[in-house]
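Each of the next two complexes has subunit A plus one more chain, namely subunit B in the first and subunit C in the second.
Showing the complex of A and B:
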């Protein structure tokens, strides 16, 4: 598996870079995630035209145009559905999905459940900065309850969403967490996610320097490698994910579910089906 | 009134009593005797225990809409039959067959003035172990309309299967008992042509739409169950994998539409089917498909709205959302089949338009077409030269959204080296790169509009029939009853021109002006409360000064006789 033919060209991260200049703020974690994407694809030695990167709306969802792969920057919250259709129709492609905590967990929450349940061979990368950045600082499902914003004075008072637990309970086959500041580490996680068949979910803590400047300083010191090796036991993974501090980095679960890939049974011309109408 | 040689029969009963199966069996028996036919269904929202009516029209020539009245109503029971009072017009020349044990006959039936024949159907069924009241009813109907009992029994055997000899024997006895007990009445009997039915099809509008789309080249379908569109998805689920495609049941309509966008981006001609509520959910992403120029077909099998409305009954009231539902300036195509059988042609054509123009096509079918079954002569084969324009070879600086003269630009698909681009809902330039500059915005708006403006939609844009100073202008499922009314009018010496639009958007003002040459008076006919089609025509076309709208909401079908009255006597102010 993943053998590179001797004749295959070697790819460099720069081969996946486009000429489009990112709109992200200087210092945004998403710049680093973009570099991780490029390194992962180079490590996987995938020709850029064999890769499609699908996204929704938000800062993180801008990523497809910054790569030299095929890309789809769709509507808010629906990237997993779009990517599912693409992968089912084109199983030969490598399909990655880029999202954020608002796009993926709020407006797109239902699709996350069903993408995990369906277990199509997709890699879902959520750049989680616990804020809506593009609309200038509203709380997302992963924002702390006391975070004060204009739309939620004094904080939302709501418990943050725990995406990895939800993903596990819904059937995701690979679950990992990374920190944007560790470009090499995230690249490895992304490459592992792509290599693992089925639905792979990678949460990347990606600081928002503009609306959550506290994160940039804090997260670097808070993240730590997962203390125990990865597991394929969902019950064990559930206990770990339910009790982790949100800063465990690494592969946290790798299951053995078969991916969902409906396939044609035959290639008849439609006229062959006409008999069912004929009297 | 010189009616066409047809017979209209309604079978009613509580849900689960076997009304629909019996109706289908009657249609099968009649068509095996050389007749053509139509069967529509009317039900309440209940799955079982509600009310159900099978409405059948038989004729020696093809019929694709109901007439003005029913010759025969056979009521298995009277449970909730009054809910069909408006849908089942009866008169003094009609016959009602009912069971004396069913209780007091509802007032609307008595008031119709129809002859009444009482047969103890339940008692007869009870006396034959393993039989059903619906089989007794079939025997009665066969005798009354002059169908051989053997044809009915053969159709029953076809339906329940020859592997169940006991059930078949009981049904046969019940059919014969019903026939023997049929009231002696004077119902005009249809001449049975006994022509071979080989070469004819039995098909529903939803099946025809699905088959047409398959013939058009659809390879991917995603959908979410919704009445009355689900049968398109169910038929596709079995058929598509036989023809190199796949179907995915999505978690909701937001997912269905985005899944087909993804699949089509990947190169697979793609389709979803839904009804009004689902179309509402899809509109944001349909706009994305316009902006990113992704070919799609969305079949909307319309039902009475707004909101949940009457999910099981028809209306032509999604025209506004189909044409105007997208935000921004979002030119796209809207088509509408003109009959049950025409669902095939229109779906195939819709795929062709979507693929060629790289844009979403919304096809407006409706419940009265989709869930109706017709027996028709085999439709002719159509071939469209459908091809998505693709880049010829890898080139540096490939511009996915190049502003060409036709507005159509080469669309590469993933896997094609050198064709990489990011499809985007953001305003983009010719390369697909996001931009917020006015010149790029205008260039791409112009390009997308130009695709539709400069395209030759050809002869399929409308069905035009006859000449006359009076034209009736209509669309979709209102066309067949209109055809019948016009045939009557012509038989009575009144010339009327029929113009039925299969292409709703983009408007074709030049073509309609040509079609209206010599026409002095126009009636615009549609099934909506607010006159959506009328307003659409007024916005986009020049109609003669003497133009009058007739718009009535669903769920009652527009009857040929009503239309004939408007044609002959004018429209009351």
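Showing the complex of A and C:
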């Protein structure tokens, strides 16, 4: 094992921890994702006041409160709209967006398409547990069609949403998948996503201990590192993602698109804005 | 589940760096798990996890004392293990808000055992006799922790409640 120089790291993961204790169920994958967030930010040595974490609604969207970065716990499905506005107005901030499969792919599905298309320099992290956990376990867009429960007898019979394929087709510049149980691995993926300019999309499989306890051990056994290295060829990435088993872990695509960042506008006094909204 | 293959160490300092990382990880994890249990009003388990965190923190301090001049001056470039949670930390998914003291202690025991086996394998495979000796000491420490947990376990009766016996399950009604 090699040692690196004796300089203390600028920030430790604990430097990004707030005093608010998470209310997620013990055993929830989101605890691990929070730790991955903190480790990634420490690895990137980003001062907390230079980071904003924006979220929508759902279990995963509680994450801004648990960090001491700037945070915005927004409207259901609208985290990407909020984050896009923030990044355009404040390009100096590193903006991360947290969401879940319901918030991000159903209520906010349309925003995902256009966030990918615009390619603003954002890092979008979706904690996917294939269920609406906060509202007591309804099937989400990524739920398996045969998930048979009292709330969906016989399963929904609907094809699951393939978020990575859709993100690629819509223009996302970085696509990766992680597993919450691998905290270090997810931290590296998040850090890489932040480092890569443009819209970065990281799907993290994050088991729901309460409504999908089958995921806890099952996913741990199913996930595996992607068998092939990342590609910058969208056509090749599309073929891989279309035939993907859903448990490939790692960076799956890294494109070369320039991020969209409009030129800054001149400062407008609040009175100007008020005048524009006057009836 | 295991602690993963032991890393190959090119110096005593690198070994101590890994040992420190393991203890820090374990102590931090117990603290986070204690927070989770406190939030979910399982204060008995929160207290157990806090006590385990204190044991791991004391072990970290002991490693610093033991390392003396060989304490690493840098940070390891690659503190890693093949198991995502490390050789001693409890996996987040192994806990439940209704877990009993006995279940919590059995989990702690399982992880102390893993740590002992991890250091025993380093002691057996290290080519540097100093690393081998320090690893054997670490393994002895972990075995001592196992015996502490065993004594603690004797104060609790066999479980009368299982996770499946949640009187107010958080699932939709049938």
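Here is the rule we go by: the second predicted complex is superposed on the first by the 251 of 279 C-alpha atoms of A that agree within 3 Å, B and C clash if a C-alpha of one lies under 4 Å from a C-alpha of the other, contacts with A are read in each partner's own complex, and residues count from 1 in each chain.
Assume a residue touches a chain if its C-beta (ideal position, glycine included) is under 8 Å from a C-beta of that chain, and two chains touch if they have at least 3 such contacts.
These numbers come from a predicted model, not from an experiment.
Trainee: Who does A:38 touch here: subunit B (first), subunit C (second), both, or neither?
Mentor: A:38: touches no partner chain.
Trainee: Under the stated touch criterion, which partner chain does A:209 make contact with: subunit B (first), subunit C (second), both, or neither?
Mentor: Second partner only.
Trainee: Using the touch definition from the top, say if A:75 reaches subunit B (first), subunit C (second), both or neither.
Mentor: After superposing on A, A:75 lies in contact with subunit B but is clear of subunit C.
Trainee: Is A:140 touching the first partner subunit B, the second partner subunit C, both, or neither of them?
Mentor: Touch partners of A:140: none, neither subunit B nor subunit C.
Trainee: Tell me which partner A:184 touches in the superposition: subunit B (first), subunit C (second), both or neither.
Mentor: After superposing on A, A:184 lies in contact with subunit C but is clear of subunit B.
Trainee: What is the contact status of A:65 with respect to subunit B (first) and subunit C (second): first, second, both, or neither?
Mentor: The answer is first: A:65 touches subunit B but not subunit C.
Trainee: Check subunit A for residues that touch subunit B in one structure and subunit C in the other, and list them.
Mentor: Common interface on subunit A, subunit B vs subunit C: nothing in common.
Trainee: Sort out for me which residues of subunit A touch subunit B in the complex.
Mentor: For this pair, the touching residues of subunit A are 20, 47-52, 54, 64-65, 68-75, 77-78, 81-90, 92-93, 110-111, 113-114, 262-274, 277-279.
Trainee: Looking at the complex, which residues from subunit C come into contact with subunit A?
Mentor: Within the complex, subunit C touches subunit A at residues 7-11, 13-14, 17-18, 28, 32-33, 35-40, 72-80, 84-85, 91-97, 99, 170-174.
Trainee: Which subunit B residues qualify as touching subunit A in the complex?
Mentor: Answer in residue numbers: 31-32, 197-203, 207, 211, 214-215, 219-220, 222, 239-248, 250-252, 254-256, 258-268, 270, 284-285, 288, 292, 375, 378, 381, 414-426, 432-434.
Trainee: Quick check on the complex: what are the subunit A residues that touch subunit C?
Mentor: Where subunit A meets subunit C, its residues are 1-7, 9, 14, 21-29, 31-32, 35, 136-137, 149-151, 180-185, 207, 209-211, 216-217, 220.
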